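Submitted below is the structure of interest, expressed as structure tokens.
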Amino acid sequence: MTPIIQCQNITHYYGNRLIYKDLNFEVQKGKILGLLGKNGTGKTTIINILNGYLKPQAGVCRVFGEDMDKLSPKTKGSIGLLLEGHIQHSYFNLLQIEKYYRRFFPKWKRDAYFGLIEKLKVTPTQKISTMSCGQRSQVALGILFAQDPDLLILDDFSMGLDPGYRRLFVEYLKEYAKDGNKTVFLTSHIIQDMELLIDDCMILDYGKILLHKPTKELMEEHPNQTLEDIFIELTGKY
Amino acid sequence: MMKNKESIYILVLLFVTLVALWGIPELVKTATYSNDRYPFVYFSSTEKKLLFKEFDGREDALHDDEGKVYTDKEYDAALPLLNFRQLTVNGEMPDSIDGIAIDPRELRVKQVNFRYGPLNKNTPNPGLYIMYESLPKKAKLESPGDLFRLKNKIEFIDAASNRVNKQKSEQFQTALLKAGYAFPAQWTSGNLNIRKPYDEGYFSLDAQGQLYHIKMVNGRPFIKNTQLDSQIEPAFFAMEEVADKRFYGFLFDKKGNSYILEEDGGKYKTVQLDIDPIHLDADELMIIGNFLYWTVAVQTDKEKHFYALQTETLKRVRYAFVEAKVNKWEDISGKIFPFYLTFRDKHSEYIAPHLHFTAFTAWIANVLLAVLSLFIFHRKSNKKKIFIGIYTLIFGIAGLVALLIMGSSTSRKSPL
Amino acid sequence: MYKSLLYKEWIKTRSGIACLAVIFLGVGIYSFMKINESIRLLGIVNLWETAVQKDPAMFPQFKYLPLLAGILLAIMQYVPELQFKRLKLTLHLPLNENKILLTMLFYGVIAVLSLLLITLPILLLGLGQRFPSEIVWANFQQLAPWFLAGPAAYLITAWVCLEPQWKQRILNIIPGIIALSFFFLRAKSGGYQPFDPYLILLVIVAFFFAFYSTARFKEGVQ
């Protein structure tokens, strides 16, 4: 079976600074992969490359078998993308943004969106830009779940969330991925709670992948340690 | 999106180049342009020579066409008809010249000041004119309260109601047809200024190339075919209601001959100015005349010709010419811009793109710039360098500036 | 789907369009008040004669308004897209990227053009109430390059706004401003007539510029 995401020999520099050299990895269908790394290790860069928003100096990524810079509309429709900081079209209000996105996705799950929105104590005509960070993230994720994509790409989904919200989304994601047809590729710089969510763990350091293996295996190799402990051990404290 | 990137890059690059092809020379021009300072030339009725007054601050600023240098006093005295006010104040004004007594009134009314330039001809025309009463009851001209158009027919439009004055229009239309005027009109020329001393209406060229005089006398149309010599094909007419009423105005034909159009016992007569034909779309003509002589200056792109004509006959009595000095702008543009773009032509009021080619030697600058561009972009691939070199060679400074603004290629440079 | 895309552009720009409509209406009314004032003070005959002798602009207030409308509309549409790189969300929609951008540009051009094409006949018909067709035509010719500057300014501003790199954005502004100055050269009414087709060509060519900026955005130029 072809992997959902396949990256081959990605090499990229910003100016003269090496981000990665010959990066290779794959994500299989039905898995939740967590890309973990400290700030500046190139987590967002990978997401940009995956979605065709950055042309690396060398190498190729394929998503659903299509080259990243030539993703077909259909493929784009089956990828749910969460930008770093839960960025959305915040000039919309809650009803407008639903109206906007609804027409693009044939499988649109209205209830998934409004279910999440109901948890927010806001009026539906409130503009997104006037909401708090946590509320905005809920809107962004609500849209993603309503879209019902086959692949979710989440860039630092936990950023700026308090533990309550973070837990809420971990649960939502688990629920989403449970039947094995959905794939999730997420990055995070907060490692706490990740072992509960991710199937595969990929730890990125400056210029290379330190580790890529199933979380379960990793935890077994390091009994009595949390994923966070393992992460710090591998990457160093600072 | 990526597929068309290269071609859109070329499009944007060409756009920036075009902008630079206009903008950079325009900037250099602003910094260097100076008018051609030709000398002021006037025919001396006493010396019978053309007298020059140079403006470049040289010693022999005042001289005649034979090189004789004048002092200020000699110069003023040699041009009594130009400096008569000053000379009269000083009590140095002669009573007569060549035995002809100088009458101050005649001196005044026989003065002619006329200027023609291509801008007079190549200019948009709204197509509306004012028909004054040529025999006003009062001393001053009065606004008729309407305008008229003359193209496929003549129509007077009343200003107060913004409607066609049918009766007046019909009256003039009938008169025009009766006089043989063939519509549509080619052009109509008159003097719209109400402050003119009197009114002679308009001269209009009809569809068959016949020149008609159209005016309003006592509220009625006055329309006459001028019956010009069939050799004369009118190209432009400038109405000049001159003080002594000797002539209606200046007529230029398609060959560039200049005439005055005189009234001749109820008929029309042309008197040709004894000067070489002028190029109506490029040359400028200036006439300063007094009751004895006219000094006519014709400025072409390269030189300025001066003619002294006898006022009565318009026959040439003296001629001189001066070559243009190469001005700084022409000098510089001929060295650094093989070609450049302007939107304004000094010979036309219309805006349109004009590509100007300067000297062949300016291509040397482009060759040097092409070499420079290869140094600037030395890290590019050979294929790109060929493109950069050729592009700079063709477009010169503008091309290089565009390449610097837009970057020489669409892909980011690799640090390797 | 395109309807949705247009809906997004509408939400972004509706307040701006409303503002512009009010400004155009206000300036339009003011222009006619000025003309009426001149008619009262100088008399219509005098005004007609001045119009043919001196060729004054009857609507000088409208000189830079279309330009401003174009710039404002492009800013309202594309600054939010480039803020936090929201354009990534837009280009990620299940549509062809070129078509997405084309739709957005068309929306803006049509919005600017509608504003201008509604205003223009009102101004000219209004003027035609008291002035003959020649003077109306002369004023149309005077307004034509100013009005064409509207879509041109819109497209050039879109090109500048969508450019992802700040340095390049500033570099784009320079030829952009110079090109826009082509629409404001000093000329008699009718003097622009031979030049208008070139200005229209410039507007058409400028339509493509934003694609170059967007392609750079897609490559991740920073």
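The letters A, B and C name the chains in turn, as written, and every chain counts its residues from 1.
FYI, a residue touches a chain if its C-beta (ideal position, glycine included) is under 8 Å from a C-beta of that chain, and two chains touch if they have at least 3 such contacts.
All values reported here derive from a predicted model rather than from experimental measurement.
J.: Farthest from chain B in C-alpha centre terms, which chain would that be?
T.: A
J.: Find the two chains joined by the most C-beta pairs in contact, please.
T.: After tallying contacts for each pair, the winner is B-C.
J.: Can you work out the whole-Å distance between the CA centroids of chain B and chain C?
T.: Those two chain centres are 35 Å apart.
J.: How big is the gap, in whole Å, between where the Cα atoms of chain A centre and where those of chain B centre?
T.: 72
J.: So what's the Cα centroid distance for chain A and chain C, whole Å?
T.: 41
J.: Could you list the positions in chain B whose residues touch two or more of the other chains?
T.: 2, 412
J.: If a residue has to touch 2 or more other chains to count, which residues of chain C qualify?
T.: 218-219, in rising order.
J.: If you look at chain A, which of its residues touch at least two other chains?
T.: 55, 69
J.: Name, in rising order, each residue of chain A that touches chain C in their complex.
T.: Per the stated touch rule, the residues are 14, 48, 51-55, 69, 73-74, 76-77, 79, 81, 83, 85, 87-89, 91-92, 96, 99-105.
J.: Within the complex, which stretch of chain C touches chain A?
T.: Contacts found on chain C: 1, 3-4, 7-8, 11-12, 80, 84-86, 88-89, 91-96, 217-220, 222.
J.: Where on chain C is chain B touching in the complex?
T.: It comes out as residues 44-49, 51-53, 55, 97-98, 101, 128-132, 134-135, 137-138, 141, 159, 168, 171-172, 174-175, 178-179, 182, 185, 187-195, 198, 205-206, 208-209, 211-212, 214-216, 218-219, 221.
J.: Which part of chain B faces chain C closely enough to touch in the complex?
T.: Listed in rising order, the residues of chain B that touch chain C are 1-2, 4-5, 8-9, 11-12, 15-16, 19-20, 22-23, 123-130, 143, 145, 147, 149, 157, 159-160, 162, 192-194, 343-344, 349-353, 402, 405-407, 410-412.
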